[in-house]
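Below, each structure is written out as structure tokens.
In the two assemblies presented below, chain A is common to both, partnered first by chain B and then by chain C.
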Partner chain A sequence: MEKKNGNTSLITSNQLRWFYYLVPVAALIIPFVANEYLLWIVNAILVYTLVTVGFNIIIGNLGQLAFANTAFFGIGAYTSAILMVYGGVPYTLSILMSAIVGGLAGFLASVTALRGIRLYYLAIITLAFGELMRWVYLHGDDVTKGSDGLRIPDDIFFLGIPLDSEVPKFFVFLLLAVLLVKATSNLMRSRIGRAIVAIRENEATTASLGIHTARYIVLAFVWSGSVVGVAGAMFAVLTERVLPEAFGLTEVIIHFGMVLVGGTGSIVGSVIGAITLTTLPEYFRQFPGMDELFFGIIIVLVLLFLPKGIVSLLWRISPAFKERYYRD
Partner chain B sequence: MEPLLKVQGLSVNFSGLKALSDVTFDSFAGEVRAVIGPNGAGKTTLFNAISGYVPSTAGQIFFKGEPLHGLAPHDISVKGVRRTFQTGGLFPEMSALENVLAGLHVQIESGFFGIVLGLAEAREAEREGILRAKRLLDLMDLGAAAEQPVKDLSGGQQRMVEIVRTLATEPPLLLLDEPVVGLSPPMRDRMMDIIRRLAGEEGIGIMLIEHVIDLVMSGSDTIVVLSSGELIAEGTPEEVRQNREVLEAYLGHA
Partner chain C sequence: MDIFLQLTLSGLSQGAIFALIALSLTVVYRATTIVNFGHGDFVMAGAFFVYVLVIYVELPYVFAAISAVLIMLGMGLGVSRGFIDPIKAGPHIGFAMMSISLGYVLRGGARFLWGREVFPMPRVFDIEPFFIGNLVVTGDVLFISAIVAVFLLIFFFIFYRTTTGVIIQAVYQSERGATLIGVNVRAFHQSMWGVGLAMGALAGILIAPISLLHPDLGATFLIRGFAAMTLGGFGSLGGAVVGGLLLGVAEQLFGFYINSSLQDITAYLIIVAVLVIRPAGLFGRTVTVRV
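Presenting the complex of A and B:
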């Protein structure tokens, strides 16, 4: 290990790696100290962690203004719910299907970006795609049960474990979140992740390095769609009823807020964003009528004082917290 | 000697504007070939056409006997023709090391599943890439700047990083668009030195666009002169220096 270039920080990147591994291990005690309600919030955080990690790949790493991720989330939720309700498909398998269908939705969204539709055009098209999906849920009565939502069965199992309370859900969600966050982190710190960021930085010159830019734009969208699709499958089980309202424009703002408040292009930031914008609004619920106001205020304050997100506070503690696009 | 690059009757039009008309020349391995000409002469357009960034209107381009025209920029790069850009070629938020690693992309042989699952093979391929990138940066005295975002580096360091990034895969042909612009005179000499060494010792074919006539005269083997999109002269520095047409079209303005 070399420690040159005046990096006299308190924390080395090696120590930090162990810290990252310890976080999920330490989290294992949560079910033993938290009540059902708190545990429900923690489970929601795990779901939103994956939503934000997936969304951040598009916004932060690839740098595209595509807002289809909330739609991927809904597609993942409905895929699992429909398979379980009508097909009696085991939950484990429906999670996989949500990943695949979410990835397909990601592929579809990438086609718009590939065809040179960018910036506000990409933004509006992807937002419209989300609204279109919501219309499908609302009007697909026979299957989706419209605005009543689709109630998922009571007897859901994950590899034989009944998911009948928050505790078993917590362990399953933690496992899924850890696996997908780690896989995404591996991806972003490899030649693939570098190609994706290079496209954000300068798409034209990226090609001059022999990088097939279209391939990596598609890959970013498909991976993002799969991760968020799995989050959707978790969300279906968390809320026990899949409703069209859960995937509307307000949710797009919440998800986008999580990305920005945590920090764009940062996995640690994604986790922070998910925690912040899940817990604080939950806390503000005791002030009915004011909660949306508080939500807006948090986003404005963070972006005003920490334009790079809350994760930038960690960078002040140690530059080792800055994520790099390689692993040493 | 078999030419590395053959450009035959190359023309590029931009909605009526003839940026290049009927340009023909060969370029060889181990040769430093300068492309000179007044502003707007079509020098960058020539590089853009060779590297696939603008479509040609007429003519053909062959690299090692294989046609390049019609190929996408990334395919041409993979074939071994790599270039730098007149401005803004780097990835500003990425560190010098990450920029060079991106340059090594096609040589780091780690597959999708190996990367996602963190398999040993993939990690080994990445590690080799990192070692190579660090070695290259050290070689150019950029080791200390490796971890910094390139936007925080000096203009000279940035130029160097872009050249290292482009060179990383040891391409047989290198197109450098004004590589010494904005460098201090000592840095400039150093860069020209490196360019001469790459051609002389590594046998790389180098084409470079340059405005400073002294550097061109002392640093290149062959000079191609463009004026209003036409190739008006080609030859050794002495030959070009004595060419009347060149004196009128270009040196007179300098």
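Presenting the complex of A and C:
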């Protein structure tokens, strides 16, 4: 990663690393210039950044077509909401619980992959998992309040900061997003991350090299589930009401679109995908169907002309943007 | 007992639709190894074309239906040529997303043109319900079952008894072998996309009169198509039909005898149960990977 890529380009990987650190620092200015609505969109971007980063581990790094992401997202959101509403658990702790329960859901989803169910079978069974969870939210009336949704209490605190408007939410979300993106980036750069990518490239060869593939598949799913579970906990606070409809088939398709538009297997790409597909459809909301039409067209165009995602445009500026975990 | 038979009958007519959708997915899957995740929206598009042709162009229903099927056949050729061929070299994830987003474009287009309304489709044949013993047979049940049965007979006859069918089977078995004996595999893929979408459109046309027409029509049927495919065995043509019929009956029986809220998730439960217990389904080959 370090030396070889940077030599010929304008930006070296080392400079790029500082640039990445500067992005969240520069983002701190947003609450001072944006209005409440814009800030809501920015907060949604932060939530979806984690959703996409988590999903990308499965789709991009592990290379498995598993669509359990909305299940993780919903489970995370409902875990936090239920804990806060019924248990009066502080938000900080309920985020942690969302991460744990999301990780457990990830473990459950990985069991199917370990059973040898792959490719489209995995896609279909994980889609079914997501829809079954939605049915549980809908019919768990006593706890989830069915289709009315679960209202989040007004007085929630994150380490003493009251989350009563978009501004404090922004700082908390930014902190969580930065922490988890950095952690994921480090994890993917470690021995574990390289093993996960190796499984994508060739599972049999990876196993023959003495790497316990099953262990790494489970790990990838658990990590993905935890990250997306935290995103769910953030989403619950962002929307203030957790509704079953928010975790349907359309939602997982939006997540999938964000991964592909940004760039599969790339953390920078995940962020780009989350930004693109959260902001642009907002503009088209006022006309019925236009957001879907636009969403479909943009993905078709990306697939046809930028198969590696929007992040590949950055590669043209400098190869340092490529997150390579191995040498070709 | 009467209730059981009545439920089975309506389950079979529902199942006939699921069978048709599962079969149309299988045709494309067997030919191209691509699962069309946007198929539900193509089914919806077929139904919408009929609606437009009947209401705005004022064509008789039968002609409208035939035109819609032909339009979807052409769309299938176009999709294969314009959107699938260019990304052929890429990973399967790309195919999945491509089919989903094409479906999205259709759904968005339908919603953009018609707004958020729900349309009742004009009734096709007003056949009075009649009785066989204590069994009520409605016109819709008769109509759907008859059309699907005739269609399946024609389909399986072509597949197993004609030269075209033998060629299709040959390509299914070995693309390279088929290329060597002079089959144009690329054109074959395109025509199978055409056939798949046309069959999906037929399913949409049959559903539309009994359910309301709206842009989100497709999603529920897509999952049921997947469930039927999984139950019958992924990639098995006969399995898709049997799986569809069984799913239709199972939904009715589960919904009545256990809990009405279970009707909606029968398909999902079947998918999970089959893939966990016997991933090959009823008639499929082994599908799991062992490392």
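One rule holds in what follows: the second predicted complex is superposed on the first by the 315 of 328 C-alpha atoms of A that agree within 3 Å, B and C clash if a C-alpha of one lies under 4 Å from a C-alpha of the other, contacts with A are read in each partner's own complex, and residues count from 1 in each chain.
As a working rule, contacts are C-beta pairs under 8 Å (C-beta built on N, C-alpha and C of every residue); 3 or more make two chains touch, one makes a residue touch a chain.
Because the structure is a prediction, the values reported are computed rather than measured.
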Chain B versus chain C as contact partner of A:Tyr37, first or second or both or neither: neither
Contacts of A:Ile117 with chain B and chain C, given as first, second, both or neither: second
Chain B or chain C, by number of chain A residues touched: C
Chain B versus chain C as contact partner of A:Val300, first or second or both or neither: second
Which of chain B and chain C A:Ile192 touches, first, second, both or neither: first
Contacts of A:Ala183 with chain B and chain C, given as first, second, both or neither: first
Which of chain B and chain C A:Ala207 touches, first, second, both or neither: both
Chain B versus chain C as contact partner of A:Tyr283, first or second or both or neither: neither
Contact residues of chain A, present in both the chain B and the chain C interface: 204, 207, 213
Partner chain B, residues of chain A touching it in the complex: 4-5, 7, 182-183, 186-187, 190-192, 194-195, 197-198, 201-202, 204-213, 219, 324-328
Sites on chain C touched by chain A in the complex: 29, 35, 37, 83, 86-87, 90-94, 96-98, 100-113, 115-116, 215, 219, 223, 226-227, 230, 234, 261, 264-265, 267-269, 271-272, 275-276, 279, 287-291
Contact set on chain B toward chain A in their complex: 51, 53, 72-74, 77-78, 82-83, 85, 88-95, 97-98, 101-106, 108, 110, 112, 115-118, 122-123, 126, 129-130, 143-147, 165-166, 169
Chain A - residues contacting chain C, complex: 59, 63, 65, 112, 115-121, 123-125, 127-129, 131-132, 135, 139, 203-204, 207, 213-214, 249-250, 253, 256-257, 260, 264, 287-297, 299-300, 303-304, 307
